[in-house]
Amino acid sequence: MMEEENKNNSEENIEDKFSISTENLSVYFNEKPAIKDINLKVRNKSVTAIIGPSGCGKSTYLRSLNMMHELTPTATVYGSIKINNIDIQEFGVINLRKKVGMVFQKPNPFPTLSIYDNVISGLVYTGRHYKKDLDEKVERCLTASGLWNEVKDRLKVSAMTLSGGQQQRLCIARTIAVNPDIILMDEPTSALDPISTTKIEELVYNLKKEYTIIIVTHNMQQAARVSDHTAFFYLGRLVEYSKTRTIFTNPKEKLTEEYVTGKFG
Amino acid sequence: MTQNEIFISDKTLKYRKIKSNLVLTFCVIASILTVLPLLYIFFYTTASGFSHLSLDFLIQMPKPVGEEGGGMANAIVGTLILIGLASVIGIPVGILSGIYVAEYSGGIFSNIVKFVTDVLSGTPSIIIGIFAYTVIVLTTGSFSALSGGFALGIIMIPTVTRITEEMLKLVPQSIREASLALGISRWRTTLNIVLKTALPGITTGILLAIARIAGETAPLLFTSFGNQFFSLALNEPIASLPIQIYNYAKSPYTDWHQQAWAGAMVLVMLVFVINLIVRFFTKNKFSSEL
Amino acid sequence: MFINSYPSRSQFGLSFIFSQDWDPVKDKFGALAFIYGTIVSSIIALIISLPISLGVAIFLSEMAGKFLKTTVGFLVEILAAIPSIIFGFWGLFVLVPFMRNSVQPFLEKTLGFIPLFSGANIGTGMLTAGIILAIMITPIISAISRDVIKAIPKSQREAAYALGATRWEAIRMALLNAKSGILGATVLGFGRAVGETMAVTMVIGNRAQISAGLFDPAYSMASVIANEFAEASKTIHVSSLIEVGLLLFVVTFIINSLARILIYSATKKYDAK
């Protein structure tokens, strides 16, 4: 599925299955534009990084992909977002979020639930679970997020006893338990120490075999390490979107080049 | 500055300093003056009540005047029943309105709810008693425990609402976002996740509300009325601790006065203990969040 | 659910008109004594309580060390939580004799030339009621005042000290800023005093009369309802009592709304920062 050689211009219109794409996506907060006219097609089962200086709209873009902006009364969204060429409006918010999971910057496990219950929370509270499968599912998800060995003996303990890095991996386990196709990650390691960061980057690399991952990061090196494609945002606009290697070694736009060489941050 | 000027400013400085110290001393005295009645009341009640408190008191029924002994068992049970009745109304309504105001605020309805809650919390309890009277006593034709519980329940509502709202607001937004991102519906998020997180705080609020209504007398004067006999019937008048204390205190009989002191002590202890527990738990909560 | 309080008002409303029609003379006179009793006792309470409440508020927000702050703060909270009949009970058995035997004679001797300090020396009366109310509303006023004072950013006080102010002067500057909040707290306390029933009933003497002497017994709106409602049988009696209740409700409503507006505007000032 990942024929790297075939991609020279990444704005290919080969509609791979389960890819998510946006057309002329704009988001306004109180009439002020945060992002404008973003046209982006994300490849299936790959890691796409979104980079850019603070406030350039990366998170805003990400959060529109799973309709998080409905929580903000001052936000208005224009343009279309499609998954498999189906407009997400037709999915309905709840179904959309079952297909598109999100991991947040600050790890946010549910404080009153145990590790075990946290992992299955997405299933239990949406009525999608069979009692017998749960144990197996928990093991599978925790293993996939690299946490199983560390917590297998204390699954019923409160999630808050874990360290920051472990909590974030728990959140990832929780997200994949719901079996999404796409995982959005909003600066998932910026609140973590370097060791946890490395562990999570490894995790992302392994997860892309089964999931499409879009990761927002302000850390360029991380983007370079982890992603297959990178999109560079600046002041609310998509400046360039290519294979990661291209962005970092041979960017088309001058702005991109200035950013990745650290001329401004 | 000349020599004279410095001298003069020294003098006013002294004057200002004295004034400052005087005022500060006053503040300390004021604090003592405030704490004093409390301690006085507390210890006086305890002392007077303790000597007349006995197991009998808690278990036995009131005896006719003149006879030694007897207790306030019916009043204690009555108060418990009334608290139970009140909670049936007060807790659900209070929590639901608290949830509504905290999570779905912004509409006209939530502003109405907020407004009514405020009005209700400032209304004297006797007025709420009148309301309960018109709604239940007039329609059923008799004083009853039900009407008393109803009145107390209404008094509970604003306290529970306010604290539910505050506790829900303390739950960080990131928890809600995590839940919604998993595809959990809005109301499920509120009920299962957010509410559960805020539950310890809400429980303390409920305890405080209970402490408050346990001591309420005025609204019960013409709703549950009071009863010298033991009664569990909800549609008949029922005794309660505050009413019993009131009746005994008003009476001319000394041994009834003594009983009243014992009752007062029980009431004060109850309120004190509940407040202590609440304080203890809120302190704990904060230290664990650090 | 909450809107149900309004149907009761319209029911009151009927009684209102009803009783006005039937016995205006007697009713009007009666109500006046109660209104007088309620307001005067509350004003006395306010006069006594305000300086003390402020003192406590200042002590807790500016002066006390951590230990004192928590202990005294806790004690003040408990004071607020004590049920009013306990205050009434204690008042009847402790404060009233004290007033009768020590305080009122003393006041009569020293300040008796002022008509205020005169009247039948039974012990129960307007002054006693005022004192009990003062004890009861102090926790409220001081708690809110303390919060309002705390809300003022430290920078204000530091600026005052930098200009060479004494401790009290710096605090006074902070107080001026907190003025509307403290005013709101006071109004709220006043509202509580107006609506207070049991404690007042037990110490006010329950005599429907208007008298200048503070030692004389009087009657408050809440007290008359408390005393007579259960046994009132004639419809006129009941409905006029309900009318008193309506008046009380309206008065407390206005007072509380005023208080909330004041407190809201006080805290809003600092939210903007």
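Every chain is named by a letter (A, B and C) in the order it is written, and numbering of its residues begins at 1.
Assume a residue touches a chain if its C-beta (ideal position, glycine included) is under 8 Å from a C-beta of that chain, and two chains touch if they have at least 3 such contacts.
These figures come from a predicted structure and were not determined experimentally.
Among the other chains, the CA centroid farthest from that of chain A is the one of C. Of all chain pairs, the one joined by the greatest number of contacting C-beta pairs is B-C. For the pair chain B and chain C, the distance between mean C-alpha positions equals 18 Å. Separating the centre of chain A from that of chain B, both taken as means of CA atoms, is a distance of 49 Å. Per-chain Cα centroids separate chain A from chain C by 59 Å. Shared contact sites, meaning residues of chain C that touch two or more other chains, are absent.
Within the complex formed with chain B, the chain C residues making contact are 1-5, 8, 11-12, 51-56, 58-60, 63-64, 72, 74-79, 81-90, 92-94, 135, 138-139, 142, 166-169, 171, 188, 191, 194-198, 202, 222, 225-226, 229-230, 242, 245, 248-249, 252-253, 255-256, 259-260. For chain A in complex with chain B, the touching residues are 66, 68, 71, 73, 94-98, 101-102, 104, 106, 108-112, 121-122, 125-126, 171, 174-175, 178.
Across the interface of their complex, chain C is touched by residues 16-17, 19-21, 23-24, 26-31, 33-35, 37-42, 44-45, 93, 97, 112-113, 116-120, 122-127, 130-131, 133-135, 143, 157, 208, 211-212, 214-218, 221-222, 225, 242, 245-246, 249-250, 257, 260-261, 264, 267-268, 271-272, 275, 279 of chain B.
On the chain B side of its complex with chain A, the touching residues are 106, 172, 174-185, 188-189, 192-193, 196-197, 199.
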